Structures are given as structure tokens and as C-alpha cells.
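One structure is given below, encoded as C-alpha cells.
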Amino acid sequence: MGQLDDLLRDLVVANRILANEDVVDAYGHISVRHPDNPKRFFMSRSRAPELVEHNDLIEFDQAGEPVTDKRQPYLERFIHAAIFEARPDVTAVVHAHAEDTLPFGLIAEPLRPVIHSGSFIGGKVPVWDIRKKFGDTNLLVTNMVQGRDLAKCLGPGNVALMRGHGFASAARSIIEVVRLSVYLPRNARVQMNAMLLGGKPKPLSKGEIAARAAGYKPRSPETWRAWEYWATRAGCADMIGEPHDHTANK
Amino acid sequence: MGQLDDLLRDLVVANRILANEDVVDAYGHISVRHPDNPKRFFMSRSRAPELVEHNDLIEFDQAGEPVTDKRQPYLERFIHAAIFEARPDVTAVVHAHAEDTLPFGLIAEPLRPVIHSGSFIGGKVPVWDIRKKFGDTNLLVTNMVQGRDLAKCLGPGNVALMRGHGFASAARSIIEVVRLSVYLPRNARVQMNAMLLGGKPKPLSKGEIAARAAGYKPRSPETWRAWEYWATRAGCADMIGEPHDHTANK
Amino acid sequence: MGQLDDLLRDLVVANRILANEDVVDAYGHISVRHPDNPKRFFMSRSRAPELVEHNDLIEFDQAGEPVTDKRQPYLERFIHAAIFEARPDVTAVVHAHAEDTLPFGLIAEPLRPVIHSGSFIGGKVPVWDIRKKFGDTNLLVTNMVQGRDLAKCLGPGNVALMRGHGFASAARSIIEVVRLSVYLPRNARVQMNAMLLGGKPKPLSKGEIAARAAGYKPRSPETWRAWEYWATRAGCADMIGEPHDHTANK
Amino acid sequence: MGQLDDLLRDLVVANRILANEDVVDAYGHISVRHPDNPKRFFMSRSRAPELVEHNDLIEFDQAGEPVTDKRQPYLERFIHAAIFEARPDVTAVVHAHAEDTLPFGLIAEPLRPVIHSGSFIGGKVPVWDIRKKFGDTNLLVTNMVQGRDLAKCLGPGNVALMRGHGFASAARSIIEVVRLSVYLPRNARVQMNAMLLGGKPKPLSKGEIAARAAGYKPRSPETWRAWEYWATRAGCADMIGEPHDHTANK
């Protein structure tokens, strides 16, 4: 298979993993940038991630609109379009409502990495409140102006919380954005419990976060180990190919 | 199939979904108003929702009694009869004991929508205490007088908590009352955690709640996406038909 | 089948249900009094409840010793023997370590029924601390003297917590002791969350508890509905027979 | 089979159990000392424990390096090597990130045994912070110097927490280190909830901990009961052999 085929296959696997690991339910989505045309990206049509198949994938343009496909796209495709526009370093984006991240969109204390598997969050996670600039909405990011405001809040970071709604996360590969999104709720739960038990838990230091970021590559044995594990649990181990595939996840 | 057949099929699916999503266990029930006779409604005989089949469905009259069926009905069928009586706009009713809604029937702070998927709760959720008017009972709603008192507490709203017992929810379609009932415990958990971490979490504004209510229709792609997903998880995807079926869920 | 056969069949089903509903894991057990000889009772040999089959059941005498069987019995069979001795009204006993009951064995505030499905707990649940009378032990009830001390703490009630260990529950039938034991951890979680959110949650009143106790019979449709549901979930629906079987659970 | 064959078979089973009981996910590992050469130990190559098979097992030397195998080992194999070096009494070691143990690595109050199944923790659990001696790292134990510092913190105990990372546990047999590791998160949750509800829960006394430690043997019926149960749940009951096998787990 070529690089694009591999990427789309990984995108299907990622949909299934995010569903099986309770990051998304019927709602939430993951996208990947086109490897040959950075102004385009791929994402499923409007369908629950657990059910997404190769044939559900749609190519989107820079404005978040399907290039040719007439099927119903996700309403919030502009989250993805805006982050890809603002962040040339980003290859994959997730938007989800993972339950245990939601309290941190409603309180003053920021979500921070407190466990090593949460280091990929980066530092303090900013909270974007759509009401601040757009007043009373249905909370969904339904156009590029809103998407760009969210992307601005994300800045150079890896994840932004969305008040009363969920989060958007971004990374340089599908595997990494999945890992970040799977461990984000776990970090949130640990921080929550530590806060309830004893005040402000010690976060990872900047040096620790940097050391961890430096040590991981998308297809290193340690990263691949989780990908294989999650895909097996999600029932699609047969789709993952080999760790040394020549994909954009290199 | 005709409209009634579609509705009864959806009612079976709804029973299975509510069980699979942990809204009900052996107890709890869902009903739908008769599409041709607004004084009648359908609900299963006394059986755990997970096990309900088409043949278990019974037609009830305005007083909450089976029209002709001799099998054992649910003791609390009067919750449904009374809400259908009081609320001509309502097509479907759920009564359940979902665990994480129960603390909010026991504390002073009201349950409120704090996440976008919880917006369908409406505003502050009232708590009905059967003891207030009926003294020491077995907590069950076992006659129309009690049912009407509960319906009065519900008022024009979508959900009422029942102290030490559970909740009753009402909506204009089966799909919507299921969605409301599935996301109600999630909203409760997020509010609970946010309260423990930091006081009173900011609820959705009235404008946001209204904007969300305006944006959803029972068979829109976004609503159907969840129905298909939940039915697949509950093992009855083969029963759901097509999103454009001519049912009362239009 | 005769009454004894029915009872032993129900005892196997009860083992599987308690395991599947997370009341027991590899540890914990359920017993039933001999229907023809009140000084005898039946319980599995030392085996994880999920795996118990008819052939694992052993007959025990009044002193908690196997009548003839040479296989390894549970170490804590004296819990059962002592409760059967002290309480002629009791037909079935459960001992388990269900996780969410354990905090209430470690704090001053007692576990109480706060939800209708928890009413079968009775009133305030006493906590038995083996250390008080027996000093440093392995916390297990390994002889009749300890068992009797626990039975004394239980008194005329339905359940006693055991500090740092678990609980013992007793009822007039297998179905009822299973129901009590399944809803006990749920009641504990609701009380726990309500306490964390807002102080002392209003418990059920004595009148409510009495009204609920009066309204349920072991084989009434409402009770049977749960038994059928739990057995189906535990994969042994084919073993449960009919609600009107002539068993001791009448 | 000989003793080594039995041990390696048990090591595979232990990997599957730890995964199925949520002690490990894609990360975390278990090792066993070579029965004939105490300076060697066995552990899987870099693979998710749920997927480990006999053929994945690698023999390691005293310095934590594979004796001959060229496949990728776990980065943190030095945890195991250093504990085997420091503790001749130890036969099996687990390192894992079980979520509910993590808050206790971030707060001042120590994790202690508060429930009988948690007695194997020993007493107060020490917390090792890699930052204290090694500054900003990726938090992983990637050499013998770090491993020895962790082993020093563990001392003669059974478990040490690792700040923001997980825990290391050690025991005289595979069965025991699995049991300890499975009940550790449960003990943590019970202590956490009891702390939130009412201050400092009463821990097990030293005498109780000693009495429990004295009463268990790796292949006693009570210990074996859990092993059989966990292996059945993990889908590998066919691999466990008989309780009286002549293995190092005697």
C-alpha cells in the first residue's frame, strides 16, 4: 500500500480505538492531514466513530468543506480545519467529550500533567469558552470563525478544553493524538482524586515534560506497543499493519 | 411497516438501549403514546427492559390500566399515564433509577445542565418527594393521584428527580427521551465532580439551552447517529430501520 | 424437581449472579438453610462463586463443619453457621467484600438506606470490628465463637458491616439475600456521593422501610423480574425455572 | 513439565491476568527469577501484557540485559534487575501504573492497608520520587543506578509507589505478586473514599498484617481459588495446571 492508503487505514483504526477506550461515544471525531496536500484533510462522514469504515472517509478542503463528497459531514468539522490551518506542524486532530475531562472546563484550577502518561498534554491546559466571544450558541463549533478562535486558544499547545463541551487535541501523527486523547481523561481522574485528597498535586516539571516529549517517536517500539494493544481490544488488530510502515506516522 | 409498527419496534429498541447504557437495570421503563389515539400508550409488561420483545408490549388506557391484556403490568405505570395526561406535547416517557442521578435527589443543590449533551434537561431539575404529600409509602407511584402529583412537579419541564428513587423524563419522541435519559447521569457525574473540585460550576445559559433545543430534530443526522450507535452496542442494530422512516419520531 | 433440588439450583444461580454483579470476586460466599433440617445448610466448597456448579455444593452441620464431604470448605463458613443458629427466620446468608461497602466500615457515619432499592438494608447498619473482642487476627471469621459475636452484632437486622473486611447479610430467601447484597453497594455509593456533596442525606423513614418490606415477596413478579434479569446477564437464564416453583423461596 | 516450564507458563498467565484486572494496560510488566540461577530472571519482550505468549519471554542477566535475545526489551527492565539484586527473598516483581494507586504518589498522606485483602501491602507504602536524585527525567527507570535507588526505597517492603508514574511490587512467588498488585488499587480506592468521607481511616494493625501474612501460602486452596478465578476471567484457565504443581510458587 502507499502512504495515503496506510494513513486512511490508520484513521479507521483510530476511530475504533477512540470509541473502545471511551474517549468518544456517538459524538467526537478524528482527522488526518492529507500527506500530499497540506491544505486538505480526511475525516469520516457523520457517523459514530465505532462504526466508521474506510468507505466513510471524506476529503475536506481548507475551509472545512467536503471537496466532492455529498454525504452529511460532522457539524464541527471546522475545529479540524482551523487547527490544520493554524498549525503546520500538526498532522492529526481529535475532538471529543471524554467525560472526565469535563469538570476541568468548569472549575478555576487548570488541568495539568500529573502522571507520566499525561505528559503529552504539555503544560497547563487552556479552557476555551465559546460564550466569551460568540454569546449564546449551541456550543458547537459550526464555522471557521469559531474554529479559528478555538485554534488561537490552543496556540502552540497540544490540547485545549472547551467549557461545558469537551476538548480538542492535536499532534504530529495519528498514533500520538490517539495516545494523548486516551491518557488525557486518566490524567484528569488522577489529578481530580489527588486534589480532593490533598490540595494541589505536584505536576510534572517542564524538564520532565520535555524529556518525555524527546523520548518518543510515533513508531518506536514503546508507542507501537500501545497501538497494537488498543487495536486488539477494539477488534481491529488485523488492520494495523507493521510498525515500520512508510506512513506519515513516521 | 406502518407508523404504529415502526413506533413499537423503536420502543423495543429503546428498552434495550436504556438497559445497555445502564439507565435501567431490572427496573425502570419507557412508554410511547399511541399515534392514533392520544389517550392510549404502549409499554412492556412487567419485565426487565433488556429482555423486552415486541410481544411483551401492552396497550394502556388513560387511567394507566391495560386495555385488554391480562399479563402483569409495571406497578408504576401511573407515572406514564399521568404525564401523558398532563402533557399533550409529550410522546415518550422514561422512568428510571440511574445511580448517578440519585445523589441530586438527596441534596440541596439542584441538578442543572452543565455540559452540552445535558442541555436537554432544560434548566434546574425539580425534586419530587412522595413523602411530602403521601407520607410513608413504599416510594413507588402506584396510583393516578400520586402520578398527577409527580406530573405537577415536572410541570412543563423535561425531567423531574424523585427523592431516594430515581427520575421521570419526557420528550416529544422516543429517540429524544432516550438521549435525554442517557446523558442525564453523565451530566450528573460531571456536575458532581466539578462541585467537589470547585464549588458551583457554571451551568449552560438559558440562551444556550434554547439554541441547542432549536438545533435538534429526532431524525436529523446528528440524532440518528447516536441511535444507530446505541442500538449497535445493544445488539439490535438490525431492528432500527432507516432514519427517514415515517414514524412519530419525525 | 423437588424442593431441595430447586433450592440447590437457585444456590448455584445465586453464586453466578453475585459474581457477575461484582458483589463477590474470588472470595465471598452464599449459603442456604436445609429445607428439611433447619440445623443444616448448603454452601459451595472453597471455590470462586463464578465457577460454582451443582457438584461443588456441600452440606454443613450446625457447627459449620461439612457433614460428610472431605473437600476443602471456605474458611469463613462459621459466619453462616452462626447466623443460621441465631436467626431461625433466616434462610439464606451472604458474606462478601463488595468494594463500595468497605469505606462505611472505616468511618463514623453509618451506612443507611437512602434509596428505595436499598430499603432492604433495614435501618442503620452496625459495624462489627473483630479486633474489639479478638485482638489481632487475620480478620477472618474462623470459628463459632467469632461467628456468634458477629451474629450478635447483626442482631435482628439484615446486614452487618465488618471493619476492613466486608459484610454479612441475611434474609428469608435466596432471592432476597441476593437482591439485598446487589443493591447494598449501590446504596453505599449514592450515600457516599450525597455526603460528599452536601452533608447528611435524608435516609428512608422507618415507615418507608416498613412499607417496602411489606410489599415484596420472594416470587412476586417484581422480585422475579430482577432474578430473571440477573441470571440472564450471568449466563444462566436456562437454570432459573419458573417463578411459581415450589421452593423455599415461596 | 519441569519447574522452569511451569514457571514460564505461570508468567504468561500472570501477564494476562494483570491486563484483564486493569493493573496494566499496554504498559507495565511482570518478571520471575530463574529457579536455577538466582542472578537471572525472565520477562516478556516489549509487548503489551495482554498479548504476551510463551515465545515472547526473554532471559535477562543481573544487569537487566537480555542474555542472548535480540528483540526489544522493556525500557524499565532495570526495576526488576535491581529488586532481584537487592532482595534474595523475592521471586517475582511487578511494575505497573494502575490508575487508582497514582493519587497516593501525589499527596502527603501515605497509602496503607485498610482492608484485609490489602494486608499484603505491608505497612505504610513509601513514595519514590525519581526527581529527588536524578532531576528532570522522562520518569522512566532506564538504568541500574536508578533501579537501585528505587530498590533502596522499597527496602524490605512489598511495594513502593513511584511519584507521577506507578508502583513496583515484589513477592516470593508469581501468584503472590499478582494478588498484591490486583488488590493494591482496590485498597487505594477504599482508603481514598474513607478519607474523603471521614478523615483518617483506621489501618490494619501490625498484628493483623502479620497474622494475615502468616496464614497464606502460594498454593493453598484460598490462594489458588483466586488464581483459578482470575485466569478464567482472562481466558486462560486451560493454562494454569494444578494447585500442587512442583513450581517455584510452592
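All chains are identified by letter, namely A, B, C and D, in their written order; residue positions are counted from 1 within each chain.
The definition used in the following text is that a contact is a pair of C-beta atoms (placed from the backbone, for glycine too) under 8 Å apart; a residue touches a chain by one contact, two chains touch by 3 or more.
From a predicted model like this one, the values you see are computed outputs, not experimental measurements.
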Just to be sure I understand: going only through chains that touch, what's the smallest number of steps from chain A to chain C?
2
Chain D against chain A, contact positions shared by both copies (same if over half, else different):
different
With a Cα-based fit, what is the angle in degrees between chain B and its identical partner chain C, given to the nearest 5?
90
Greatest separation from chain A - chain, by CA centre:
C
Cα centroid separation between chain C and chain D, in whole Å?
33
Enumerate the residues of chain C that touch no fewer than two other chains.
196
Taking the touch definition from the header, please name the shape of the chain graph: line, ring, star, complete or other.
ring
Residue set of chain C touching chain D in the complex reads 25-27, 46-48, 50-51, 72, 75, 97, 99-100, 102-103, 106-109, 131, 135-140, 163-165, 192, 195-196
Over in the complex, which chain B residues touch chain A? Could you list them?
114-117, 119, 186, 189-190, 193-194, 196-199, 201-202, 204-208, 210-212, 214-215, 221-222, 225-226, 228-230, 232-233
